[in-house]
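Okay, handing you the structure first.
For clarity, chains are labelled A, B, C and D in written order, and residue numbers in each chain start from 1.
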């Protein structure tokens, strides 16, 4: 599945400014009582919500919030495809680390890949991805802004 | 989808056909796997969602959908107060009957009262209420439409 | 609560009464205010919850509830893979028809396929599937009971 | 992930070091896309989930996790009453600060009070409380452990 790539925190490569790999970023969520089911494990649909947290924080750290994108650029990124593979269950009160990687598929499509690990043990819980279409305020496909494409290439 | 039958909490006045008591209506929901927690019981915040189903169906049966109200009348009814008392737990796959009663508090305030019972045994699970303010599209208080006030008095 | 009718995806074999195609069943849910997001459409993770409603009702109509299976047979069916493709958005108060088809992948694996359509217009909103592993109370893989395998073949 | 700092709602008693007021603690959550509704504001039932985050972190900082309490002491604290007053809406991507105060009502009852403020502006969004009964693994009322009572008095 998805390759775990090292997190690029800050150190900018000074030269040459050539093809870096895609950027992976991490964020953490804690499994709430509301998130678990009778088996005592995180209910499977929650990972889609946590993946959203992952990509929101990915954008935020790139200096570009989803809220601004919607409110100022008039662009939304609805999910058009989602996929999850559940490997190990996460339990109540576990802290989960979401590693998110972004990739441009086309000028109007982005894909995010995710790995959810239980922080305490580094156990890989779930892998998955989501594909998003860029839409304008009128609901029609719209090209991603140049600064975003640049960021992702 | 949801079976419901009008129930009046007060005896039917035979004549004159004036001041009836408030109208109670019933609707049903089933406890989903996503709704339960580690104790195997319905997580407490779900009752607020089910109460919303109760008042939505209350309105629908009164010939007045919340969707229309928002889209045509430009009025929304945000919750300004909510209260729940949890008496008996509901479990996975239980069918819950929500009995909803509406009451006008003022020309700009409605209150709904709820009883959630486990259908199979009639066990009273939760009681509660919500208070709602009528707001116009501009976010300012607005009087409820006359036909609504009429319906509720 | 939820009306549903059995639908067979393949024409009824007149004779011999052998190998039918997989059985498709329908159930309905309504998009709640809690389910929608800022775009006014059903948030994408809800479809995984509605798919759960679809397979629960599939089982119930087959005379076999998931609750019984867990409580009496000691078998649970955790999701090990989930996939969704989002085609058209569903909106607040839309009634959604979930068509669910079940298929045995192996003696310890079941797959359910889903179509979510907006009832009023028959618009195909989302397609998807989930794969489930049969586990015993000890958390280890366990063969599906013969009556289930029979039902699904 | 969640920053929190102990805050005392009452001035520090310098001496004698006896009866302090109840302890207030803060934790933060961010409003997710999944949490908002068509009005673009946080759906009201989410505050009950965030209040749960508030009391979980309150306990954690007191050196006593809810998970341990359930798993080692065999005590659970189901909600028996919940109340919310909604004053100002929180919006997508707002960071919310939950201030939680705990109080013993009796040897078998705890009450938590909450204030949810929008961090950026300190706007008070919602106030509320929950009351909890201490139950043993057998589902019967059970006294809170002495160290808990001590902590709360």
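Convention: a contact is a pair of C-beta atoms (placed from the backbone, for glycine too) under 8 Å apart; a residue touches a chain by one contact, two chains touch by 3 or more.
Note that this is a predicted model, so its numbers are computed, not measured.
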{"item": "Of all other chains, the one whose Cα centre sits farthest from chain B", "value": "A"}
{"item": "Pair exhibiting more inter-chain C-beta contacts, B-C or A-D", "value": "B-C"}
{"item": "Between chain A and chain D, centroid-to-centroid distance (C-alpha), Å", "value": "29"}
{"item": "Centroid distance [mean C-alpha coordinates] between chain D and chain C, Å", "value": "37"}
{"item": "Residue numbers of chain C (touch at least two other chains)", "value": "33-34, 38, 45, 49, 92"}
{"item": "Chain D partner contacts - residues on chain B that touch it in the complex", "value": "38-39, 41, 44-46, 48-49, 70, 76, 78-86, 89"}
{"item": "Residues of chain B defined as touching chain A within the complex", "value": "33-34, 36-38, 40, 43, 45, 92"}
{"item": "Of chain A, residues touching chain D in the complex", "value": "27-30, 32-34, 49, 52-53, 56, 65-67, 92-93, 95"}
